[in-house]
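Structures follow.
Heads up, the next two complexes both have chain A, just with different partners, chain B and then chain C.
Our next item is the complex of A and B:
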């Protein structure tokens, strides 16, 4: 019981919220492209590039927020490249996404060597991290539970606030509706005179915007440094979440909390002396298991739908047979 | 024939455009593109040892490329070759250091287990892809991370060489793949790769099974009406692809390192996939593209020594090549969007 207390406490929940934020932002960004019918495997590399440029911006300007802006600008550039290739040139989105991931990995390492003359990581150099927001009165209101709502970087709050905003966006705004139509029934969108190209461009850029914040959170949030491949698969986990949540913001939130918890929990386990290599696999194993389990669960629906459509076909056959008989 | 010529020339133009963009990036990084190019060429083909080194780098890329081709032909993106490579490499090393068998048989046994390990590693994603249509791109990518961590765990916690750091004991000499020249570690693995590439091409061209695979990849509805069991075939295709990926790891262990170590073959799986994409899923063309990437890799070793640029600049160039190749169809036939889509679907 004591061990359980040590493993699961307020600090763990606060850590979960912290680790959830970047993956939540990426996944919410990806929900735009998912809803618009684009499979965006390039999230991983986009996040990495953003983390790098956020650090660069922070060093050059001496301001964390300028760093975030720099990261977001890089994000938009990547998103634009993705959109040009996938939407305008209609290149295969998996190929373009994978290539952009590889590009981001190579580019950040090359630029790091060119600018700082080092390999591995950038530490120091006057990187300014994001400030932590202390909500006044939180301590008085919640006592020892205060870390749950106070003391995060602004990006964490943005991430969680974005969830309800996105729900409203998809259900209550014209653009949200357009994005959904373009993803679900492009023919209908075309018939309505909606420009599929324009909507997909907008979705890609919105995706870049949100995921840009996620990258900045990685390198300027709780640790102020950039490391080679520091996104370490979080972008791919976001893609896994997007696949089984179909881009619905609330389901995305649920999935991200699960991964955030797995992430925070595995860090905890490490301090208890479990071999770090095995512990580090936990988030990936959780992601894979969820992906497989939920695609297995989707199976009865497919069977039911097939049965329903077959019944419809059969009854249609019977009706037409009756129609055939009647004239005789 | 003109179609094929046009396809090849388009590919070459795309590579040229990418190299031009790469030159601009090299300028931005603060190096002279000509100097970088000459260094790359010198590093890849400067003397016979360098050429053998290039072929040494080509070998795993080629085998991984064939693995990717098998998947691409059947309409499957096996992005998990990297993970299969690591597990195959470890499995071969394990056979190599824990059993003693006669020479030759030992090598074959180790390679066989590498094949099995690669296939087993992709079996779960393949099963879910075939049965429940779970996206194989994401599941194989995620399994890469697990494979790398798992083999590191095996190496460091279970089979560490006493006194060594993050490597297993060396394999017995009976399990070595024979070397071709005395001055290089280049080994028979290259022949294995060439045989695999040609063999895969022949199977796709001359057997009904290979034809079925290609049809499932390019026109699944047609294949289904033609009597192909699309689901089972998808499973088998991914399994075969994973088996070849595992073999690549086995060859790398038995031929080059003679032990398994952490990070023993970084990026070969992805390079293989890129080589296969550039070759448009043709195993024979993959020989050429793998040689190209092998030369880039081998040249980049000298790049690190002789210039201020980092060797990762070549991964930037590789990515640019793939991006410009994926866009090139539309540059030629912008109006015809269907052609652009079909191009990469095989």
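Our next item is the complex of A and C:
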């Protein structure tokens, strides 16, 4: 019991919120492209590039927020490149996404070498991290529960506030509605004079904006450094969550919380002396299990259809056999 | 010829006309879809445009709605000369069009779909309540029963059509064009639609409605315009027309009687169809109790206005559609129990009505297309491997034998003209060794020269003792080739006419659903 208390407590939940935030932001960004009918596999690379440029911006300007702005600007540039290739030139979105992922990985490494003359990671150099927001009165109101709402970086609050805002966006605003229509039934959008190209560009840029914040959170949030490949598959996990949530903000939130919890839990397990390599697999195992469980529900339909077609084949054989027995 | 032919003084003042099209011509390559069509639609009437598939109805309406630009001719809307550059311009001018294929978003509610593109907003946010209320109001006023809050993905096609009509109304249309609106409806839904159309004209709106169903045109329209082969045949008040007059205008008076000489067929019965029933894609009965035989060395024709069950009959006989009742015996085997492949083995050759869908693979070569369906047989297949030399040799012989105009056997079928593609299909099917040939619209979209060649080939097959069922919407084709003509209407075989006295009036009456006198209706 004591161990369980140590494992699961307020600190763990607060850690869950913290680890959820970046993947939530990038997944919510991907929600725009998913809803607009673009399969954006490039989230991983976009996030990584942004983390890097946020660090650069932070070093050069000495301001964390300018760093975030720098990351977001890089994000928009990447998103624009993606949109030009995918929307205007109709390139295959998976190919472009993969290319951008590879580009981001290689570019950050070579730029790191060129600017800092190091490999591996950027630490120090005067990186300014994001401040933590202490909500006044939280301590008095919630006592030991205060860490649940107070003491996060601004980006964490942005991530969680974005969820209801996106729900509102998709249901009550014209742009949100058009993004859904363009993704679901482009010919309907076309017939009504909605520009598919314009809507997809906007969706790609909105995606870049949120993914940019997510990247900045990685490198300027709780640790102020950049390391090679520091997005460590979060972008891909976001893509998986998007496939299963169809980009619905609430489902995205649920999926990200699950992943965030597993992430935080695995960190906690490490302190109990479990082998760290095994522990690091926990979030991915949990996410895969959840996705498998979700997709398993879709299976009976396929089995049913297969059975039905087999039955049809068998009964046709039987009929022809009968005909053979008693011809006209 | 026509009551309001160009040049003759019009009976109504121009302002009373909602739509006036003058001399509309539209060509697609060498094909003339609309040939100098004049059309005047009075305000406040239901104006039906009737004609067979390919008569040019949809092209004309697409021009009116700005989806196509005419090569020649002019458009006046409510008396004003207008260039309808695109659908947006048409909508602005008070036109609305309900297409055959709906464009609704499944995950959105009915009201959201209705107002898509012109949302009601308050403080920048979409006002769902107001949209629902307005949808409700319109739906009540015109008898278009829908629940505005339901998701469209869960609804039937009939209700989807109501939503499309509501979309048009919300955009302020005063003249509403419906393209084959009843094609997707049940009879009950069709009746409700007609009531809605009447409530439109009661409010002073104008309805233009495209159809190839005589019954509903007679029932609901005030005026009928008949199109045939891209030309206008006539515009008349519906009350002055009888159904068989209408049929004659639709299918054409000039039935040419260049009948092919022949000896009377006296072969054995090859195909014996007994009380055959089948449903269409909407699960409604499309073939109702068809019974007939086809003998060796005989051409039996099936006549009828398109969409009266001929397609479904052909699909049942070729195994593409299940029969709901009845039998079809081909040389001792009941086709209704067999798969398409087994039916072909049993002795069917099939020239499908739509050659591009079921006749050929347009991207494959002529050689591959002449092989399809018999790739497992010798000499084309040996030890489970295809012998392409033999296949190409055979294709070359067929290209010569059937006079297919192509560069060679490796030519992709899509590079050929319609007539030559049809010859590829005929070449494959007629050399199949089958005893029964099911031939559906063999000369649709085929030029005159190729038509002659195809007719000659069918007669050669007849002389070789094949049993032939020839389905065609062209009466002259049937009169030239068939030994007997069966007339289908509404899924039933209305009667039979001997080929050598193909009485056009009698066939026309039966095509319009009037039984010959001997059989009570």
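Things worth noting here:
Going forward, the second predicted complex is superposed on the first by the 297 of 328 C-alpha atoms of A that agree within 3 Å, B and C clash if a C-alpha of one lies under 4 Å from a C-alpha of the other, contacts with A are read in each partner's own complex, and residues count from 1 in each chain.
Please note the rule applied: a residue touches a chain if its C-beta (ideal position, glycine included) is under 8 Å from a C-beta of that chain, and two chains touch if they have at least 3 such contacts.
Nothing here was measured: the structure is a model prediction, and the numbers come from that model.
In the superposed model, A:278 lies in contact with chain B only, and not with chain C. In the superposed pair of complexes, A:243 makes contact with chain B only, with no contact to chain C.
Residue contacts after overlaying the shared chain place A:188 against chain C, while chain B stays out of touching range.
Among chain B and chain C, the chain that touches a larger number of residues in chain A is B.
Once the two complexes are laid over each other on the shared chain, residue contacts for A:61 go to neither chain B nor chain C. Contact with neither chain B nor chain C is seen for A:270 once the two complexes are overlaid on the shared chain. Of the two partner chains, chain B is the only one that A:106 touches; chain C does not reach it.
Touching of chain A by both chain B and chain C, each in its own complex, is seen for no residue at all. Residues 25, 28-30, 77, 79, 124, 128, 132-135, 137-139, 141-143, 145-146, 149-150, 152-153, 156-157, 270, 273-274, 277, 308-310, 312-316, 318-320, 322-323, 326-327, 329-331, 337, 340-341, 343-345 of chain B are the ones that touch chain A when the two sit in their complex. Remark: chain C residues 87-88, 103-108, 112, 116-117, 119, 121, 124-126, 128, 329, 332-334, 337-339, 342 touch chain A in the complex. On the side of chain A, the complex with chain B involves touching residues 39, 41, 81, 85, 88-92, 94-96, 98-100, 102-103, 105-107, 109-114, 117, 119, 232-233, 236-237, 239-240, 243, 275, 277-278, 280-281, 284-285, 287-288, 291-292, 295-296, 298-299. Those residues of chain A that touch chain C in the complex are listed here as 168, 171-174, 177, 180-181, 184-185, 187-188, 191-194, 316, 319-320, 322-323, 327-328.
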